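First chain written, first letter: the chains are A, B, C and D, and each begins at residue 1.
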Amino acid sequence: MTTTTVTPSVSREFLLEVQQQSQQNILRCYQCGKCSAGCPLAYAMDLSPRRVMRAVQLGLADYVLGCTSIWICVSCETCSVRCPREIDIARVMESLRMISIDKGFSPAEKEVETFHRVFLDVIEKRGRAFETELVASYSMGGLGTLKTSIANISLLPGMISKGKMALAPPNASGVDEVKKIFAKVREIEQRKTSGGSE
Amino acid sequence: MARIGVFLCYCGTNIGGVVNIPRVAEAAKAMPEVVFVQDNKYTCSEPGQLEIRNAIVDNSLDRVVIGCCSPRMHEKTYRKAVESAGLNPYLLEIANLREHCSWVHGDDKERATSKAIELVKMAVAKVSRHESLFPKEVPVTKRALVIGGGVAGIQAALDIANSGYEVVLVEKQPTIGGRMSQLDKTFPTLDCSACILTPKMVDVAQHPNIRLITCAQVSKIKGFVGNFEIDILRRAKKVDETICTGCGVCMTKCLVRTPSEFDLGMRDRSAIYIPFPQAIPLKAVIDTEHCGHFQYLKARQEGKDVPDCNICQQTCPAEAVRYEEEDEIITERFGAIVVATGFKTFDHSAYGEFGSGRYPDVISSLQLERLMSASGPTSGEILRPSDKTHPKTVVFVSCVGSRDDNKGRSYCSKICCMYMAKQSIMLKEHDPDVQSYIFYIDIRAGGKDFDEFAQRAQDEYGVLYLRGRISKIVQDGKKLIVYGEDSLLGHPVQIPADMVVLATGVEPNDGAPELAQILNVSYDTHNFFVEAHPKLRPVETQTDGIFLAGCAVGPRDIPESVAHGSAAAVKVTALFSRDTLTTDPMVSTIDQMRCVGCLACAEVCPFNAIEPQVLRDGRVVASVNESLCKGCGLCVATCRSGCANLKGFTLQQLLAEVNSLWR
Amino acid sequence: MPGAYAYYPGCTQESSAKEYGESTKLVCEELGIELHEIDGWTCCGASSAHTTNHLLSVALPTRDLQAAQEMDMPVAVICAMCYSRLKYASHELRDPKTLALVNEVIEKDFQNTTQVLHLLEILDKERIPVRKSLKRLKVVCYYGCILARPKKVTQFDDEENPQIMDRLVSNLGATSIDWGFKTECCGASLTLSRRDLVRDLSHRVLVAAKQAGADCIVVACPMCHSNLDMQQEGIAQQHGDQADMPIIYFTQLVGLSLGLSTEQLMFDRHFVDPRPMLREKGVI
Amino acid sequence: MAVEFEPKIVGFLCNWCSYAGADMAGTSRLCYPSNIRIIRVPCSGRVDPLIIIKSFQRGADGVLIAGCHPGDCHYTEGNYYARRRFAMLAPFLEYTGIERERFRVEWVSAAEGKRFSNVVTSFTDQIAKLGPRQARIGKEELV
């Protein structure tokens, strides 16, 4: 264990960033733990959702941005709908993921982050999720670990034989519009970051 | 021409150190109608007051201005001083030279002095328009109404009655006793709730000064402090309570079975019933909603054929059953009212994640009290509702309907931490094999011997406290799986339990806001009544003569409720110790010659102090009841014809102050 | 009253959840509910956009809502994830600033007046002419995590104890068993990346259903289906107990009661074949 | 400029909250500009729009009304009436040529001495910036 030094300047800055991004008042959290009690995945996290909230309250950015919890969270919203302080905890988790990407943190759950990236790549390219390509490029592109790749590939024959894998890619006429949306979102985000330095 | 005397106080150096008093005095001498000016080191001191008195007499002054500290500080003192000189005490005006001048303008003595001169000028201008005001005397009806017969109301009624005054105690239920009568033991002493409460209930029944009206509620109020006229709606009991002996034969004969309110549905009662064996009054009532006879009457009206039942009437040895009895309105006069309407517990069906009441073995803490009570549905044996077995693992869940914005209950219910400790101890006393777990957020054990008691639950009785709010209960065969987090450990935990007790919070009884509206007293967003001042006037309301006691104001435990009942009683007896009441003369007046009778004033009046009055020529005009008026002046600013005015703050007085600034 | 809807099938209908899409079409045809597939519909962004890019997660579903706006019909959705994303977008777009920004992104003029309905909500108002009663069938309804949550966004049903699917299966003559896992999560989007966790979560659901005495689990989400059905073999490997629990879409159940054949309803595509169980219960 | 502008501000303070708040500013020795002349009224609901108009008519450069915070009125609802009444008055004042900024309604509790001092300071600064009143209502004579 280590001793954490808590100073006003450090704790304020990160807390405000998370509050701004998530539109939630994290200081309302009184650490009752109902989020963690109901979270189906808390057992697999290194910090329970309650501890994530606590770390944000104290402004411990490195501590919380490097944790596995924010990537294991699947946004099932159980915590958010039951929170007695009406904090949308799932939204806070989402914000922490985005901040962690922005700040260039290496995701503690690399696979999860990779999956989301590949998924969005497929959508940008095809307009719709093409599961066959998704499984293939996620598993065989060397992005996942060997173990998960083998596990995923081992499902393929079954899926194909059950007709659960389409062999031809989807044909969405809206794909051009989707490409534009991706481009525009990137442009707006670019504008935001460069706008800040102006 | 008035003869105004101006007295200027140095207040040591508090005023004199900043404001140049001699210059103010010089300026004052030149002000219109001022005939005498004097300064003093401390005007409020004994010799200072004497000087004012002498100056008034010696110089035949008829108006007084004192330049000193805030009127909120010494206005009463100076009024007495002025009165002692034979002048009407309301012919006084204070210029606030300290809080509003010297203390806030210490950085600029020159400006402070010229401001002080203007403040005195304003006071002089205003006082020259003052009139003598005379408080009114109204007689006091020395009878008290206590609404609610829980322990707070019982205490208030007994204390008032013991002081020699008549009391009417009105209770909505068929019996007095309130929540306390449902409890088994009390914390932190573990004495038996019934054993300490029932003697008090009997005292109420037997007290010559107390009249008890059950199945009743207040429906209308008129009048004001000392002279309330109140309508009490008494619902028909369909049993003549003067004849009923409480023998209970009817209850054994009645064919109907419906869940008992007193036992929170854990036992059935008959349609004609006495809520519990120690009920006061020990008289039967008929629940017309479930009674066979009344269902027959209703069905007949709808043209349906249902067999009639009048078995209770036929079998009652005292022949006390009166199906034809009607509701009645009892109108009585009272001098004071104590509101002690108490609380109910939060309905946990709002928590879907805890099963919304779907799981029979998830019970409320009050249901557990009934299970533990020797006179309860299981005669004090703790059996789970589903299969009547002895639960060995019991999980308590705190803050159900407390500290939860999600459920609209942001406040702490205060008593739950302690009653959970009590109940877990009692479970162990009942059955040494029971292991209790308590999920808590904070242990709030502030009170005499409270923390020691909660500690004892842990170190002597082995109750395990887990810090965390649970998120879900799932029925798994005969077990209930409780999902929580031990937040001290930082891990999710689950406990397979035989029974789960939800520590449901405190909320105001049904009908509290409706009663508050009838009585015209305020209530908060949670429907608790609001005190006149949360610290210094905890049992008063903003309406004179209406007092509060017990949990109607907010969550509190038994000793606090009893103390508040006594405190309210003291306020009532203090009021009754006088034969008449003096009313503040700074009230509204209506110039009835100019009044057009639009009654916009009556509409805005927060105290219902303005009523229409029909003049002899048939004209309707507004009329102020000076005993009800609190002098806010809302009517004055509302009046379109300019006929309303507020004594002490008349339009002329306020304008004189404004005008003096440019004269 | 059967109505006309702008139909948003969702990506999985083209592959892993083809039986869900097909049974939906057949059932709606039988009931006279008109489904007009939104021309050129694209992906809602699913949890990946939601997880990593807020603006994108609103803009992608808005494109589809906008397409439906031009059709001037309420949107009918069958996938719980798509439903959640479309509902969430509508909810976010109530803020005029967000609406303006998103309109800038999609280069359209979306008004945010389009209603989004899950097929369960549509069927709830429908009288279903049951031709074959499912009366010997005991089921548990599994809503998954995002169909009913959060209520302020979806306005779907009670978020802790939804009833809409239980009502439906009861109307078909089946017995719906009350259980505690209606809205627990199956692991959702972690399927490919953290399969171990998905198997833990789905295992809990399968065990609970088994203990409740259910013959099968009825679902309304392709992801729930694939996690519970396709993974059952793997779950057995990871946890050492074989559930053999058929997972059936509610549309397939409605189809059975309308007298559609198992071939039409594509039961052969399930990893855990429901047909032996259905035969035993006298349904087929 | 030869003489610096010294605005004259009339303040109507309710007895229970704001007057006590002003007392609290004094007890805490919180200095503020001396331009305000405080008139005590029982409630902000007592303040007749007529008195405000008259104050401007007499030559006030600014008028401040201060009462209990909404919900805290000593008379339960006087300040709500005041709030509505003055919301109506402000545009009327503007119509007569008195800038909206010269009239302010504030809620100051008995405990908010600091707040009272801040309110007076900022209001006085605001009036000083506006300069002497140009518009005149009718003949500014004694009533």
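General observations
Simple rule for what comes next: a residue touches a chain if its C-beta (ideal position, glycine included) is under 8 Å from a C-beta of that chain, and two chains touch if they have at least 3 such contacts.
The structure displayed is predicted, hence computed values, not measured ones.
Sorting all chain pairs by how many C-beta pairs they have in contact places A-C at the top. Centroid analysis (C-alpha atoms only) places D farthest from chain C.
Chain B and chain D have CA centres that are 35 Å apart. The centroid of the Cα atoms in chain B and the matching centroid in chain C are 52 Å apart. Distance from the chain A centre to the chain C centre is 23 Å, each centre being the mean of its Cα atoms. Separating the centre of chain C from that of chain D, both taken as means of CA atoms, is a distance of 62 Å.
Taken residue by residue, chain A touches two or more other chains at 43, 78, whereas all remaining positions touch fewer. Counting partner chains per residue, chain D has no residue touching two or more of them. Shown for chain B are the residues that touch two or more other chains, namely 353, 472. The set of touching chain pairs reads A-B, A-C, B-C, B-D, using the touch definition from the header.
On the chain B side of its complex with chain A, the touching residues are 353, 399, 403-407, 441, 467-472, 483-487, 490-492. Those residues of chain B lying in contact with chain D across their complex are 70-73, 96, 98-101, 103-108, 111-112, 115, 118-119, 122, 522, 542, 586, 604, 606-607, 630-634, 636-638, 646, 649, 651, 654-655, 657-659, 661-663.
Those residues of chain D whose C-beta lies close enough to touch chain B in the complex are 8, 10, 15, 19-20, 22-23, 25-27, 29-32, 34, 37-43, 45-51, 54-55, 58-60, 74-78, 81-82, 85, 117, 142-143.
By the touch rule above, chain A contacts chain B in their complex via residues 30-39, 42-43, 47-48, 50-51, 78, 82-86. Here chain C touches chain A in the complex through residues 11-12, 14-16, 18, 39-43, 45-56, 59-60, 63, 67, 101, 104-107, 145-146, 149-151, 159, 183-185, 187-190, 192-195, 197, 200-201, 204, 230, 234, 268-271, going by the rule given at the top.
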